[in-house]
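Next come the structures, one after another.
Consider the two complexes below, in which chain A is the common component and chain B and chain C are the respective partners.
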Partner chain A sequence: MATTFTKIASITVGLGGTSSIDFTSIPQTYTDLVLKTSVRTGRGTVNDALAVKLNSSTTGYSSREVTYDNGNVPSYTDLFGAGYNLNTQGNGTTSNTFSNQEIYIPNYTGSAHKSFSSESVVENNGSDARVEIMASLWSNTSPITSIILSSYTGNGLLQHSTATLYGISNS
Partner chain B sequence: MPSTYEPIATRTADGSTAFFDFSSIPQIYTDLILVIGGSTGDSAPFIRLNSDTSKIYSSTRLRGDGSSSSSGRRVRADGSPNDTRLEVGLGSSNEIVTNTFHLMNYTSTTTNKTVLCRANQASSAVHFSVGLYGSNSAINAIRVGNTNSNALSSGTVISIYGIKAA
Partner chain C sequence: MTTLNKVVVDCSTGEETIIPLTAEEITQMEADALAFAAQQEEADQAAAALAALKASAKAKLIAGAPLTAEEADTLVI
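Showing the complex of A and B:
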């Protein structure tokens, strides 16, 4: 029987940081994708947003989320203008601390719209921290061939940020 | 490295079937992962374990609908189980949704079974739930169906994977 949950690619940001982490030419041989990230951006605040673009597209994303946000538990509807965004760690938090995100994308090679789930945590030795779960839809029928991650505010991804993309096969 | 996260079975709905039965689940893994991707018909999906229709299923959830958050339980007033199946998913006839289930320690014959579920419907809500199947029986069968007993939409893909701890 086949073993699945196979690493497709893993990227670690080097000295000086980077503007984005790009997974391109994603193999179309799996059923689902899982992306796991450990990220800190250069924004000098507790929180930033990790912008995720599928196939470099900036349109067609919508989400519902519930989050722990500095003592409150709000729920939001997100109609994103430039990719879809997850909470992520800014550079105003405890040193050497990185946020974590996981994105699960079923049926990424199919011709239907893409429904996916994601979660994110931002921990900090301070009064503000975040945890978030999100249901998202990319209203696009194209197979997913690339995923690009960047700081929504344009402050870059810091050294030691990592992202690993896995493929899951159901046969 | 031992092999893990192995595909056990997959079904793809053709629009004519209200449920799928996965039987004779191998008892060689530690946990099971169940993924339902697609439009689930006119209602949310449910799962039933071991064809057991006893009122021994309960669940607790955190929910966000885009404007407010809430939490709740599916139990009797006294807190005891009242469901004959786990109803913790989300679904729609006109939207692709994602529901994932994690069934821990499913081969145990000495413990009740806990199920973690993430339900994702971008136009409606996001749920994180924990379900309890109040039986010590090992899980060897799973039914996945439409809560209203109507057909699962064509193209919905249901997959089960096995995870080994060692």
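Showing the complex of A and C:
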């Protein structure tokens, strides 16, 4: 049972945007990690994909997702041979709005494969928007020491996007 | 397009730095974008094929015509 929720680090993207947000040298002193993000990318569409690389790795990820997409019925999809990503918001949405994501990574310091969950939602005053939840696995035994966030389509993260990493301890 | 740099925070010290991307990182970013586009194309084609099968199955059901095994699979779990 988690008893603490400690902010490890937080980044707010400045003027001009950035290609990625990198959390490095993540302390190995917590039990779980939680990453909360508020993101808008430079892609000129409603939806984009937020690439998440654990220890800079682009391989070993698999996921199942439930998506509510643009008012359509939920869908269940296998994902991502080329890396892990979750839905985020492009620059074709209502001005000054940002998508939100949360990723929960339990037992990130362990030597077992890493299972984790995530959820995301796009904010848009229009006919298109998306919300999704995902259950994922990173088939890698290394402790997680870094996390990189970027636009999967290479369009960058816009100014005022934020990412905050929290550590959770079980004692 | 935003600036080709990255914001790095060292979680052990809290130090935040902005660093230009290396040539390797730019290459990786471009490869990621291509992989995403290919994945999206594959997903779109699969979704279109499934929708076509469902439409065909529905039309045949209404008309009382026999379904193919593929069409039946879209209706029966």
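Everything that follows uses one rule, which is that the second predicted complex is superposed on the first by the 161 of 171 C-alpha atoms of A that agree within 3 Å, B and C clash if a C-alpha of one lies under 4 Å from a C-alpha of the other, contacts with A are read in each partner's own complex, and residues count from 1 in each chain.
Following the convention adopted for this analysis, contacts are C-beta pairs under 8 Å (C-beta built on N, C-alpha and C of every residue); 3 or more make two chains touch, one makes a residue touch a chain.
Computed from a prediction, not measured in an experiment: that's the story for all the values here.
**Student:** Please tell me, clash or fit, for chain B and chain C sharing chain A in the overlay.
**Tutor:** In the superposition, chain B and chain C stay clear of each other.
**Student:** Quick check for you: in the superposed arrangement, does A:18 touch first (chain B), second (chain C), both or neither?
**Tutor:** second
**Student:** Is A:104 contacted by the first partner chain B, the second partner chain C, both or neither?
**Tutor:** Touch status of A:104: first partner only.
**Student:** After superposition on the shared chain, which partner residues are touched by A:158: those of chain B (first), chain C (second), both, or neither?
**Tutor:** In the superposed model, A:158 contacts chain C only, not chain B.
**Student:** Scan A:136 for contacts with chain B and chain C and give back first, second, both or neither.
**Tutor:** Only chain B; A:136 stays clear of chain C.
**Student:** Report the closest approach of chain B and chain C over their C-alpha atoms in the superposed model, as a whole number of Å.
**Tutor:** Value for chain B versus chain C, nearest C-alpha atoms: 10 Å.
**Student:** Is there a shared patch on chain A that both chain B and chain C touch, and which residues make it up?
**Tutor:** Residues 77, which sit in both footprints.
**Student:** For a test of understanding, state which residues of chain A touch chain C in their complex under the given definition.
**Tutor:** 8-11, 13-14, 16-27, 42, 49, 51, 58, 77, 80-83, 85, 148, 150, 152-158, 165
**Student:** Report the residues of chain C in contact with chain A in the complex, numbered from low to high.
**Tutor:** Contacts found on chain C: 1-14, 16, 18, 21, 25, 28-30, 32-33, 35-39, 43.
**Student:** Please give the residue numbers of chain A that touch chain B in the complex, ascending.
**Tutor:** Against chain B, the touching part of chain A is residues 1-5, 31-32, 62-67, 73-77, 104, 106-107, 110, 112-117, 119, 133-137, 168-171.
**Student:** In the complex of these two chains, what residues of chain B are touching chain A?
**Tutor:** By the definition above, chain B touches chain A via 3-7, 10, 35, 37-38, 62-69, 90, 95-98, 100, 118-126, 128, 155, 157, 159, 161.
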